[in-house]
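What follows is a set of structures to go through.
You will see chain A twice below: alongside chain B first, and alongside chain C after that.
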Partner chain A sequence: MRRLLAILLLLCLVAPARPASQEVVLVVSADSPLQELDSVSVRKLFLGLPVLIKGSPLRPLRNRSDPVLDEIFLQQIVAMSQPNYDRQILIGVNRQGWLRPTEYGRSSDLVAALQADPYAVSFMWERDVAHNPRIRIIRVLWSD
Partner chain B sequence: MERLVSSLSVRLISVVLVILAALVPPLYLGVSAIVRDGYAERFVNSLRAYSRLVADELEAIDGPDFERRALAVLDSAVLSGQVVFAEVRDDTHTLRSTIATPVYAPPRDDFHFGDQGDQIYFITHRVNRSDHPVFVRLGFDEVPTLERTAVAQRRVLIAMAAFVASSIAVAAWLSWVIARPMVRLQRAAQRVAGGDTHTQLDVGSSIREVQELNYHLEHMRRELVGANERLSLEIREREVSEQKRLDLERRLLHRERIATIGTLAGGVAHEFNNIMTPVLLYSQLALEDVPAGGELADYLKRVIAAAHRARSLVMRILTFSREMDLQQPTVFLLRAPVEEALALLREIVPANIEIVFSAPLEAMPVLGDASLVHQVVINLGTNAYEAMRDAGGRLAVTLSVADDPPDSHVEPGRYHLLEVSDTGHGMEPAVLSHIFEPFFTTREVGEGTGLGLSVVHGIVTSMGGAITVRSRPGYGTTFAVYLPAASAAQRHEPAAAASA
Partner chain C sequence: MRISYLLLAWTLLCSPLARGDPWQYELLLMPSAQAAGTFNRQAPVTEIVDEVVQVDTLFTVQRGPFKLFGEYLISDHEHDLERFQLGWQVTEDTVIWLGRYHQPTSVWNHDHHHGQYLQTSITRPFLDEWEDLGGILPQHFTGILVESGHKAFGSWRLRTAIAGGLTPIITPEGLEPFDLVHPDSDHHQVGFQARASLHPGEFTESGFGLLVATDELPAIGLTAPPIPGLDHADLKVLGAFGIYAANNWKVHATWYHVDTHLNSPTASVHGAFGVGYVEAERRLPHELTAFLRWEGSDNASDVAYLKLFPMFVRQRNVIGLRWDFLSRQALTLQLSDTNTLAGHFSDIRLQWSAAFL
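Coming up: the complex of A and B.
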């Protein structure tokens, strides 16, 4: 009996742990005055439209460090295809004078930029944010 | 010829087919991909926007009436036509649209058109609520987009097929346009090669290279025609020259033969004259010594008459051989002795022979002996009369002016031409070559001496002229006598001319 319990315990330890659910979260600097942002404002922000917080415009940073993250950004945040997003950005920048979101291909650069500007807003995997006290999550955008 | 057409066409079409075979499949695949991606992009774009809208609408719903209003939103989404699956769930329970088609929903969402192969695009949005988050999941039907893509790809395929067909047709037409003038050019070249060098090469093509080829071939043809004509002309000239040379040789031989015969005959005539002189002298002396009216006197008279005929014959032979003592040459008008001779001929020829005389009004002075011209006309007229004696005919005598004599052995200058033509039986070429030879005759034995034309030849030659004859058996004969015209000085100084 004791041997059986030991085997069961061993199996429980050896069996692969169920992967934790992944989440994509909207993040800002820990110093940011931004506390909450609804989904429409998020779309406006990443389409280049000016979104003001206490009179200051937020600065969108697009995270392009992960292709999957890119797909989630298009499907969940701006809710359009890549060509359409490119067209909208082009139209907004050229016709309306909006700002093109700054793109970062490396997470470290993105985090640095995010920490440097309290009005910067970006998105990333929740697991990447968990151990960084200088970055704050303000909204869950997508969960697996 | 056909081989050229088919070869060019087949080659051109083959090249086009090879190019199309290399280009059309990737082109079709590329266009199909663009079409497919375009439809997919539009589908994904619209469903993302729509699902986001639904999620935002659900997020705006709050309060105890959430389930009922959320169900209304889900049903509304299904009724829009595109959505075939719609549900809202949280950790405890699920709210699903009752009018949606019951389909299997995989646990994972789609991120691309056609993911998971179930022909439904699933998308899930997180809806933040005040108490706890919920998740709205929508499934969009991919079949209409797949059908539109298939229709568009079929249209692309049809367009490609039309493009291939039109390309082959254009290639065939182009090969025909190129080959047709070349075939015409080839046919024309074959005609030229076959000897038809006078057909102009004109293919009427608008292709510059073909036009230039046509131009050069036409230039070659013209050069060939020119060379042929020059060659033909040269051959004709050589033939004429050869004929003239042969004619001159023949005339030279003839003249030499006549001259030889004349010399021989002249020598014989001299000797004969010397022999006849004592015969005639002693016969006359003997006649004076014999009684008149006797038989002996009669015999002597016959001897004397025969001797006179013999001397006459000798004189004619000497005339032919030009050793006769000519009278002093004088300037006379040619018309006068001719008319006198014709008057005499009119007396002796029968009525079935018509004598016609024509002469220009101008004076035709000739230096020589008028009596000899008279004899020439008599001899030629007599011959003509003999040729027409049986059937009758027309004896024509004409005078005219000739600038050059036909015989190169006489001096060039102005000549008067005396032509005597008859419509008698004519002469064969074999006879013509001997007619000026002495004692040559076609008459029966005893009917002629064969000296008439020899004497004419001797007279004309002694006057510095020339004589030719044309004859055609069955049609008649024409003698042309060229006598040198007297110069102005000879006419005004007849004495000086006579002494010269």
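Coming up: the complex of A and C.
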């Protein structure tokens, strides 16, 4: 019995720790006038539809720095496949001259663009935001 | 020319109001190439062109809630500034446009415009055909267009579009809209259009609606008018439409009732006809989409106004298959069987279309 307890204790010690829960968050610049945004407005924003704050349009920045983020974007934010999203963007440009979200492949570029524009809105891993005082979290979009 | 000055003044007025916002722009190119062959030909007039190579160019320049939006079509047969609009996004759901626009009572044209890639079939229903391709209803106006959306009946959405602008004129070549690039001195009259539709959600295309339009079309230079001394035609359009869009299916139906008056200094000739279509599209495996369209009309042969349009399609059946073989590139094969007021013909078409953003 003692040997069994020792083995269990050893297993607990050597087993890899469960990774902390991951979250994707909606973010803006710290000096953004945006305080909250519901999920319908988030979807509208990233489909290219106009979303205004105090009469000025918000500018969506699509984070393409991580393939997992891309999947979460399609499943949780715009709720459609990449081909359907692509088509919706084309339809928006053709019918209304809507602008598609600007895409960023590197996190550092995205953070710089976000900090420079108080009307920019993007999404990223919560762990990438935690210690940046110039970025503010608006809401959690997804968590595992 | 007065309108060009008005647009310039609007731009200057908007710029200070958007101070602090960055300039943003978008450019979309939609090229296409099409070949058509006609057979079983018993109609004196069939198609205007058998091959078309074209590039539809859309551009947007935006600053804050103001934008300049245009569509320029270049083909081996024409080049034209199809849309040129200055817009003010008043609220998230309301935009006011000033300039040359596609009239909102044509649901097909308002959804697809000139880009071939975004419509499944190669040809559009004849009732929505462009003026320079023999179309019977005016499509391009220069004036003001207000588009809006509101919540209605819980989660439903009410979308509206109201417009008023300079109408095309009737010429020996068909309807001729006001040209912003080369404005003419002809006396264009004013037409008004309105559309209202209900949709079960914010993001769905499915819905149904009503539309109404009234237009006065001056007649200029006709050598053989349907009534002697034709001065102008008054059109009143009343219509209904419905769209069902699911994952793999899309069905679109439209019907117009058109009331016409041909007016000369001494007489007014009345006529009324109906015209409409049903199109069904089915997505299939391997990026294929099959489509089928029926176009029909009612009482068309008795209407003097339609004598102005020798290519008017009384009835047409269309069947085809589209293959999206690459991202943003498609090949489409289409067969049609057409009855005009003067005869019958069939045609086969093959098209490559693409979009580059």
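The definition used in the following text is that the second predicted complex is superposed on the first by the 129 of 144 C-alpha atoms of A that agree within 3 Å, B and C clash if a C-alpha of one lies under 4 Å from a C-alpha of the other, contacts with A are read in each partner's own complex, and residues count from 1 in each chain.
Note that contacts are C-beta pairs under 8 Å (C-beta built on N, C-alpha and C of every residue); 3 or more make two chains touch, one makes a residue touch a chain.
Every value quoted in this text rests on a predicted model; they were computed, and no experiment measured them.
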First, second, both or neither for A:Q22, with chain B first and chain C second: neither
Partner chain(s) touched by A:I89 [first = chain B, second = chain C, both, neither]: second
Contacts of A:Q76 with chain B and chain C, given as first, second, both or neither: first
Partner chain in contact with A:S39 - chain B first, chain C second, else both or neither: first
First (chain B), second (chain C), both or neither touched by A:D117: second
Chain B or chain C, by number of chain A residues touched: C
Shared chain A contacts, counted only where both chain B and chain C touch the same residue: 40, 43, 83
Contacting residues of chain A [partner chain B, same complex]: 38-40, 43, 71-72, 74-76, 79-84, 139-143
Interface residues, chain C side, partner chain A - complex: 21-22, 24-26, 28, 30, 58, 60, 62, 64-65, 67, 69, 85, 87, 89, 91-92, 95, 110-113, 115, 117-118, 147, 202-203, 327-328, 355, 357
Complex contact set, residues of chain A against chain C: 40, 43-44, 47, 49-52, 55-57, 59, 83, 86-87, 89-91, 93-100, 117, 119
Chain A partner contacts - residues on chain B that touch it in the complex: 41-42, 44-45, 48-49, 51-52, 55-56, 59, 109, 111-112, 123, 125-126, 128, 133, 135
